[in-house]
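For clarity, chains are labelled A, B, C and D in written order, and residue numbers in each chain start from 1.
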Amino acid sequence: MFQSFVEVRGYELDSFNHVNNAVYLNYFEHARWEIMKEKGLIDFFRKSGNFLVVVETHIKYIREIKLFDKLVINTSIGREDPYLIFHHEMLQSGSNKKVSKATVKTLLLDETRTPIDMPQEILMMLNE
Amino acid sequence: MFQSFVEVRGYELDSFNHVNNAVYLNYFEHARWEIMKEKGLIDFFRKSGNFLVVVETHIKYIREIKLFDKLVINTSIGREDPYLIFHHEMLQSGSNKKVSKATVKTLLLDETRTPIDMPQEILMMLNE
Amino acid sequence: MFQSFVEVRGYELDSFNHVNNAVYLNYFEHARWEIMKEKGLIDFFRKSGNFLVVVETHIKYIREIKLFDKLVINTSIGREDPYLIFHHEMLQSGSNKKVSKATVKTLLLDETRTPIDMPQEILMMLNE
Amino acid sequence: MFQSFVEVRGYELDSFNHVNNAVYLNYFEHARWEIMKEKGLIDFFRKSGNFLVVVETHIKYIREIKLFDKLVINTSIGREDPYLIFHHEMLQSGSNKKVSKATVKTLLLDETRTPIDMPQEILMMLNE
């Protein structure tokens, strides 16, 4: 399991004074970027020309988050061929209250944007 | 059924040169704002102090969208007490190819942020 | 002079219920994208590998803009070697009240990110 | 002088693979939010009904910033009645290279959105 940390910024609040729905998606995306960086996948993708695209997202908003809230995002990764599935949970730091959870289904595309099987190499990099 | 129109703007592209996942959510949210405006619900909410929150979103990304693409968003509204459900479809204008679809589950909160039943009045305003 | 049109979207409002400062920059950037599209510069840049970067922005916020406001952006382009300067004005459609103005100084970079003189070709494309 | 810290997130990159111009404004805004929080001004504004609006921004983009760059924002505050002026500098953490600087002119509005003089209280809170 991977952990990422974000803090809510003032400009991320919407007209109801809470964090806009789309910003949660940004936070979860940030968590995936951190994983890819940590596992060397950003370089791997750059060299191979392959890249992951999101094909489906399912997100639950459980609790509203507020200005300056510190959040922890826990991510685990599963596989349902040909998909790589990211399971994210967002918790309030400290209280550990769950504020959101999301399932993000991704697919690997090659340079011609054709879906390809997940190379063994990627799975090994993620499991290291 | 309601129709909204958006055109992809240059600053909405991400580092892969396509529209970021979270931007799709923004477009769907825009469609809901337009419906609420058209049906007089923005004023209604302002007066009553009630407001709709999104509790769950399920979105499929079917086709990538590009700079200056013109998009049509078709929205229909269903009810599963106590939820109001928005069913969105996003199509490329012209080709009519489907690029995304989403189901957005919303709940009505009162001023104290307590969930309340959907007033008959709102349902009537939406069906007019 | 070029004209662009934008309409304020619900998700662009901030916690004070008006359009966030950074969104004005987005609108002005949108105007520049439209000019570049209209003048064939997007393809030109893609082929040449050159691209414009913003090196300085000066923006005045004159009047707040609200949800669903329709805005007109008037843009004229000047030259102060080696810079290309965009002068933007944002007006409320209908009332014609000025809501913002901005000066955006841009510089052309080649593929190695070195500043280069503005090719005569670009200036001609913009003046056509 | 105040210091804030931000790290560039993956979803903040644009189609040229660098951080979009408007995002710099967001980072500077974040720095101002942190100052207001630290100085107790967020509560002060909430109670008084007064709030600061940005009337002018002048920003220089000196160096491009990249994914995962860690940035330091140094802010000092000046006064030119009736304005409160924020002077921001953004540096790459570590190298200490300057990447951007901005001057942000703000004005205090009361509940009726009328400009008012900066109360002595605010100036004292900021100087503590």
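Brief remarks on what is shown
Methods note: contacts are C-beta pairs under 8 Å (C-beta built on N, C-alpha and C of every residue); 3 or more make two chains touch, one makes a residue touch a chain.
As the structure is a prediction and not an experimental result, all values here were calculated from the model.
Seen from the C-alpha centroid of chain A, the farthest chain centroid is that of C. A count of C-beta contacts for the chain pairs C-D and B-C puts C-D on top. Centre-to-centre, using mean CA coordinates, chain B is 28 Å away from chain C.
Taking each chain's centre as the mean of its C-alpha atoms, chain C lies 22 Å from chain D. Residue positions of chain A with contacts to 2 or more other chains are 10-11, 20, 22, 26, 29, 67.
A complete topology is adopted by the chain contact network, contact being made between every pair of chains. Of all the residues in chain C, the ones that touch chain A in their complex are 10-11, 13-15, 17, 20, 22, 67. The part of chain B that touches chain A in the complex is made up of residues 16, 20-23, 25-26, 29, 51, 53-61, 64, 113. Contact residues on chain A toward chain D in their complex (touch as defined above): 9-11, 26, 29-30, 32-33, 37, 42, 67-68.
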